[in-house]
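What follows is a pair of complexes built around subunit A, which joins subunit B in one and subunit C in the other.
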Partner chain A sequence: MWRYTLKRLLQGLVTVWFIATATFFAMHNVPGDPLSGERASTPEIRANLEARYGLDQPLSTQYVIYLENFIKGDFGISYTQRNRQVNDIIREHFPVSATLGILAVMFAALGGVLFGALTALYRNRLPDTIIMFMVILGISVPSFVFAALGQLMLVNINDWLGFSIMPVAGWGTVSHMIMPALVLGMGTMAYLTRLMRSSMLEIINSDYVRTAKAKGLPPERIFAKHQLRNAIMPVITVLGPAIAAITTGGFVVELVFAIPGLGRYFVQAVQQLDYTVIMGTTVFYGAFLVFMVILVDLLYGWIDPRVRLQ
Partner chain B sequence: MRSPINSNEGFNRSASRQLALYAIGAVLAFILLMLGLNFAASLTSTSTGGVAGAVDVENNEITAYLRQDPPELSTMGAADSVSGIVLGHVMEGLLRYDEYGQIVAGLAERWEIEGDTATFWIRDNARWSNGEPITAHDFEFAWKNTLAPATASQYAFILYSIKNAAAANNGDVPVDEVGVRALDDKTLEVTLEQPIAYFQKMVAFYTFSPVNEAFFESTNGRFGAEAESLLYSGPFMMTSWVHGASLRIEKNPYYWDQSRVKLDAINFAYVTDDTNTLLNLFKDGRIVQVDLTAEMLEGAMQQRWVLNRFMDGSVFFIDFNHREGRVTANKNLRKALVLAQDNNELVNSVIKLPGYLPAKSIFPVWMQGAERTLHEEYPPPEAPLNIALAKEYLEKAKQELGLAQIPPIVLLADTSPVATISSQYYQETFKKNLGLDIVIDQQIFRQRLAKMETGEFDIVLAGWGPDYNDPLTFGDYYASWNLNNRGHYRNERLDELVRIGQNSLDTEERMAAFGEIQQILFDESVLIGNYERGYVYATDPRVKGIIRRVIGAETDYTNAYIDVEAQ
Partner chain C sequence: MSEPLVKLTPDDFKPLGLGEQRRGINRPSRSYWQDAWGRLKNNRRAIFSLWIIIGLLAFALLGPLLWNVDPARQDIDQISQAPGADRSATVVAPYEYWGGQVTEAAPAQQGIFNLGDAPNSQVVRLVWDAIPGAYGYRIYRNIFPLEDDRVFGLPLIDVMSPSAGFYEDRLNLRPNTYYYTLVALDEFGALAEQYETLAVEVERVITVDEVRARNLVPPEQELAIGDTVNLALHPLGTDYLGRDMLARLMSGARVSLFIGIVAPFLFVLLGVIYGSTAGFLGGKVDQFMMRFADFVVALPFLLFMILFQVVFGLGPGQSGIIPMMVALLVLSWPATARLVRGQILQIRQEAYISASRLLGARNTYLVLRHMIPNTMGVILVTLTFAVPSAIFTEAFLSFIGMGVAPPTASWGSMSNEGLATMLTHPHELIFPAIFISLTVLAFNLLGDGLRDALDARMRSLE
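Up next is the complex of A and B:
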């Protein structure tokens, strides 16, 4: 088990190094640079700026310096927000994205299991048809549409009630989080519902459920102990990657709801060619994803010994 | 004995009961989670204005938004309009623009500009937000530090009219030799490279604000990074800044002109540039003002909102590549392109955004001339759509270039929605009217600039905004030495006229020079005017006195007040 863990961790490190290197060279090969602005700088002002950020060095030297700082855990100073450390940006804004992401995943998991179980119980009947229709909507409609609609709905509800039941955008209290988390979790919830449904149906026809029925167990006991518990396993497996994907993929929702999450900085940095922020956020997100995948693998190996033995 | 179907129904019923229990459990778990998160949120955010309404009569506060987190709040490095909005409230320099756009005394109670020397006398009651007096030394330090090569300020060039400023910024002379000196605590003497007519207009720009040296040193290189790492000289001071989330400014008790400030605080509680989100916030009564897009206009009129419009001052135009070997270096081809399009159509039928005006010249319509606006004194020459004439010029161009067919013309543009539809309009129009093929090359903003720099384009959708309230800020765009003239247009007569604009102290002579520049640009078909950018915006009827302006803080709440009677 320890060997397996160590091997996975080393693989993860190589992956992160590869992400960092590939991003570094890809970014520097894009035409333009973070120092250019609408107002052209004189060669002297430009030289001052390049010296300040070390862009006057050859690319290979920059790469070495970058790797050294990266190992020390220092991502440098942002180009567009000139007094801010990239580390500060990640430290201040990742918790926001993570809070929103975790809430969205909780919502998705609870809803997914509930609706998945319902559709399996009422297979091919009205509740099943309605829910599966919603699921297809949830999977195919992009989150910015849900975000816009959700926000509009809140405006109308507030207007109709005459007082504010929930703020339409912003960040700070729990009431700010509910709508964005619902919107952000929608796609995952739809996916989990489908997963739950198929795994429930598989189990309803399984031998041990039939045995349980045959030996006269009360139905609620069969449902809770045998069906639900077994069917929920695949759902738990996909939760790890889902948390990573939701936490890193929420930038549209963050933009629409004016949430100060890291996703916005990530996207803005690419648009602005803000080298240090691009590097910092990409490596951070990359490492986070890799870590979550490793964690799930290890947990899975722990739950299911067959995986470990292979 | 149950039939199998009945048994299944019974099973479903009890399973549903289970599910209902499970759902209740889920909801309870959710509520618990919420409480936990509420606690977590209080750790990651200190925003208090988030749930307040747009107008708080009791505390005499209003709530507004920012398009993005201010990138730089050190006046020595700031170079963008969002930072400009915040700085316009919390910082004041020697002079400032009043609500009519005229220069008035700021921290200087009087000033004298004679020849190449400008002297400013600072008010006795000018104080920093910590109560310490603002002295002439603070200005000397700020300006010299902006010019120091190590500061690497992008806006250092705006100080270049001061003696030795450019040389110091290039590292040729020490910053001590820059012509700005505190004669005593309250008197600042500035020596200019040469007498200039518009120096006082530039002094109102935020780069000319004071910075206290002792305080600057005490921040250890983090000057301007947080609300606490700045001292404020303006009517407001920043009391909280949660990056990317909110920013709060409160009345500065040490500001010299307390009568000007009527609000106790302004919350910039939302940071987003999503137009629909902002509209929703306005509808929900969360923010005092919102910009409207074309689709929103009808709804806004039905709601009987208070609507106003304003021009943000920038002019957008097609710039040609005049480098050798480019077909657009040919004057007749440029003339053909100018005559084959109609920017009225572009603005009114394609862009359709309220507040936009067709650009008639590089000088915008609001620009002041000697007595009236420059456009009134020197009406811009116009070339209305004339396809037949355009085709004649195109034939001449083909002969001169020795080409049977003009090769596809590369149109460089960035990725904004307006740039996208504008480039499509020109592609369609030039194809239809002249049979020319246009290849659209869309790049993100910085890549567009990089390609303009290296000349990888034939025509480009470019734009320019003013730095100070003088026609020169537009007039020198095509000067041969101007680095922003990325199409490399060269004209000796135009260079001479720009020199007159820079050096002459005679307003009439200067305006005549700008009038002639406008004529040359027309005769030589140096640009195709697209539009002057404008906005239509809605304001909460309870708030009065908000100013939108071209120069300085684009949105200015300094004079705003809550009208309790209005509904």
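Up next is the complex of A and C:
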């Protein structure tokens, strides 16, 4: 187990290095540069600025400096907000995105497992039909439509009740988080429901479930101990990629619900060509996702020893 | 005793002579593809989705031939018009200066603040009598009825004269109900207590010259003042700039479906080439190639999509379609590559490959003749499932403003524009959203059907 963990962590580090390198060289090919702003500058001023930011060095030297700073955990200073460090921006806005993402993953996982198990138990009956219809909707309707509809629904509910049961936008309290997290988790929930359903159907027809029934175990016990526990395994496998999808998918939800998360900040930085923020955020997000996937894999290995042996 | 099924005679047991035809298999043998097609045909959902996809393609490619309207053309008189809205307009004489004389067309006068003429979208003419004690007047216009809190709306003019007066409002009038308020001003120009509100129903009008310029009626038709003409038809309404929704949906369909179908085709092709090379060569090369693919998979997809949009840079007049295609191509191939490599590794060990090799087949022949055709089913399924995700990606990027650049329409950018007016004009969001959902749904269901038909192992439990 330790060797496996160590191996995965090393792999993750190399992957993060690849992400950092790809980001560095991609950003270096951006047409124009951060110093050619609206203000006219003489060649002397330009040369001074380039020296200040180390842009007069050869590309390889710049790359080494970049990696050194990166290892030290220093992503530099924002170009558009000179008094802010990229680290501060990440420290301030990432917890918001992470909270939203964790809530959304929880919604998605709980909902997916619950609804998936229900559809399998009530196969080809009314609950199955209704849930599978919702799943098809969840898979084919884009998240921004859900975001808009969710907001609209809140407006109407608040209007009908005469007081605000849940705020329509913004961030701060738990009631701010519920709707965005639901919207964000919707697509993944639909996907997990489908997965859970087929894995559950496979298990319902398996030999050990029949044996459990034959020896007279109560159905609830079979459901909880034999079916659910085994059917949940494929859901855990895709949870890593699902976390990745949900955290980056947060951009739209953060935009629509006016949530001060890192995703919204990233989009804003891209629109303003704020190079250091773009690079810092990409590498940070990339590293976060890589280690989330590893974490889920390790968790899976811990739950299911067969995976470790491979 | 039951009758024997086949009556056998001693003739049936005679040996066949040379060249004589033996009774063969009754039914012709069916190829893999015929078999798969037969299974797909029995899947009603998949066939229905196939028809929807054909319909969407026809909508994008043939639609503009039937509905030949410029998607960028603005109809200023019909902005954010819902489908099926009233589009009649009365022909009136061109605007002329008005001296404040109440005309016969004006409604009955009551109170202090009144209309001086029939209100229409060309001009609203207001007259008022002097309010005792007032030093001047200010006129406001609102689109909501006045409530207690004295929110009057948009101030139009201050008249610093205590006597009766008149005012012509020509500011951006639409066929709505407007609430005009006349407020008295004190000697310092501040708002006094007295005010009077007037609800005005504005009627849509058009001048003869405008009718002629926009070809709304046949040129030979006579037009008189007071006639009713219909403005240009917009079957699905117009957007917030007065552009025809149907024409924009059609040109948006071209962009969205182009990205959604061509990009997956290209990156699946790239994945097939990469994966089959790695799988066929095997060993160190295979390990190295797959390691690289693992790295590309680990890149956070949407972040790098956005990053690539920046890297390629959008020059003036560019639509942003090509950068998006390249970014999709660069980031999306590894999934297919992994899948194809796995399949090739499996097929490489099949007996028929060894047989073919023994017969002297070269490597290229083995790959092209045996390996790729045998992975074709998996590739086709991947391709079908890649389409909805590419369409989602395009819609997503255009929605956050990093996709196609205006004025190019795509379903995603139309949804983005429609979001702002969602409460008042929901059709601007609903139509593009329905098209995105329908396309994604159709490709997903077709993909399910194809998977069931082509690959027995991947068949889903239904």
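Throughout what follows, the second predicted complex is superposed on the first by the 278 of 310 C-alpha atoms of A that agree within 3 Å, B and C clash if a C-alpha of one lies under 4 Å from a C-alpha of the other, contacts with A are read in each partner's own complex, and residues count from 1 in each chain.
We take it that a residue touches a chain if its C-beta (ideal position, glycine included) is under 8 Å from a C-beta of that chain, and two chains touch if they have at least 3 such contacts.
Just so you know, these numbers come straight off a predicted model, no measurement behind them.
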Ask   = Clash or fit: how do subunit B and subunit C relate after the overlay on subunit A?
value = clash
Task = Check whether subunit B or subunit C contacts more residues of subunit A in the superposed model.
result = B
Query = If you stack the two complexes on chain A, which partner ends up touching A:Tyr265: first (subunit B), second (subunit C), both, or neither?
reply = first
Message = According to the stated criteria, A:Thr15 is in contact with first (subunit B), second (subunit C), both, or neither; which is it?
response = second
Query = Now for A:Ala148: first (subunit B), second (subunit C), both, or neither, which partner does it touch?
reply = both
Query = Where does A:Ile246 make contact in the superposed view: on subunit B (first), on subunit C (second), on both, or on neither?
reply = neither
Message = In the overlaid three-chain picture, which partner chain does A:Val30 touch, first (subunit B) or second (subunit C), both, or neither?
response = both
Inquiry  = So in the superposed three-chain picture, is A:Leu273 touching just subunit B, just subunit C, both, or none of them (first/second/both/neither)?
reply    = both
Message = Just to be sure I read the superposition right, which of the two partners does A:Leu255 touch: subunit B = first, subunit C = second, or both, or neither?
response = both
Query = First (subunit B), second (subunit C), both or neither: which does A:Ser164 touch?
reply = first
Request  = Kindly point out the stretch of subunit C, out of 311-319, 329-337 or 365-373, that overlaps with subunit B after superposition on chain A.
outcome  = 311-319
Key: Overlap of subunit C and subunit B interfaces on subunit A (superposed complexes)   = 30-32, 148, 152, 155, 255-256, 271, 273
Subunit A-touching residues of subunit B, taken from the complex the two chains share = 10-12, 14-19, 22-23, 26, 29-30, 33-35, 37-38, 40-41, 43-45, 47-48, 50-51, 65, 68-69, 71-74, 77, 79, 149-157, 169-171, 222-225, 242-246, 269-272, 274, 276-277, 280-281, 283-286, 443-451, 453, 463-465, 482-484, 486
Key: Complex contacts: residues of subunit A adjacent to subunit B   = 30-34, 36-42, 44-45, 48-49, 51-52, 80-84, 89, 92-93, 95-96, 99, 103, 106-107, 110, 113-114, 117-118, 121-122, 148, 151-152, 154-155, 158-159, 164, 167-178, 218-220, 222-224, 228, 255-260, 264-265, 268, 271-273
Task = Show which residues of subunit A lie in contact with subunit C when the two form their complex.
result = 14-15, 18-19, 22-23, 26-27, 29-32, 136-137, 139-145, 148, 152, 155, 197-198, 201-202, 244, 248-249, 251-252, 255-256, 266-267, 270-271, 273, 278, 281-282, 285-286, 289-290, 293
Inquiry  = Looking at the complex, which residues from subunit C come into contact with subunit A?
reply    = 294-295, 298-304, 306-311, 313, 388, 392, 395-396, 399-402, 412, 415-416, 419, 422-423, 429, 433, 436-438, 440-441, 444, 460-461
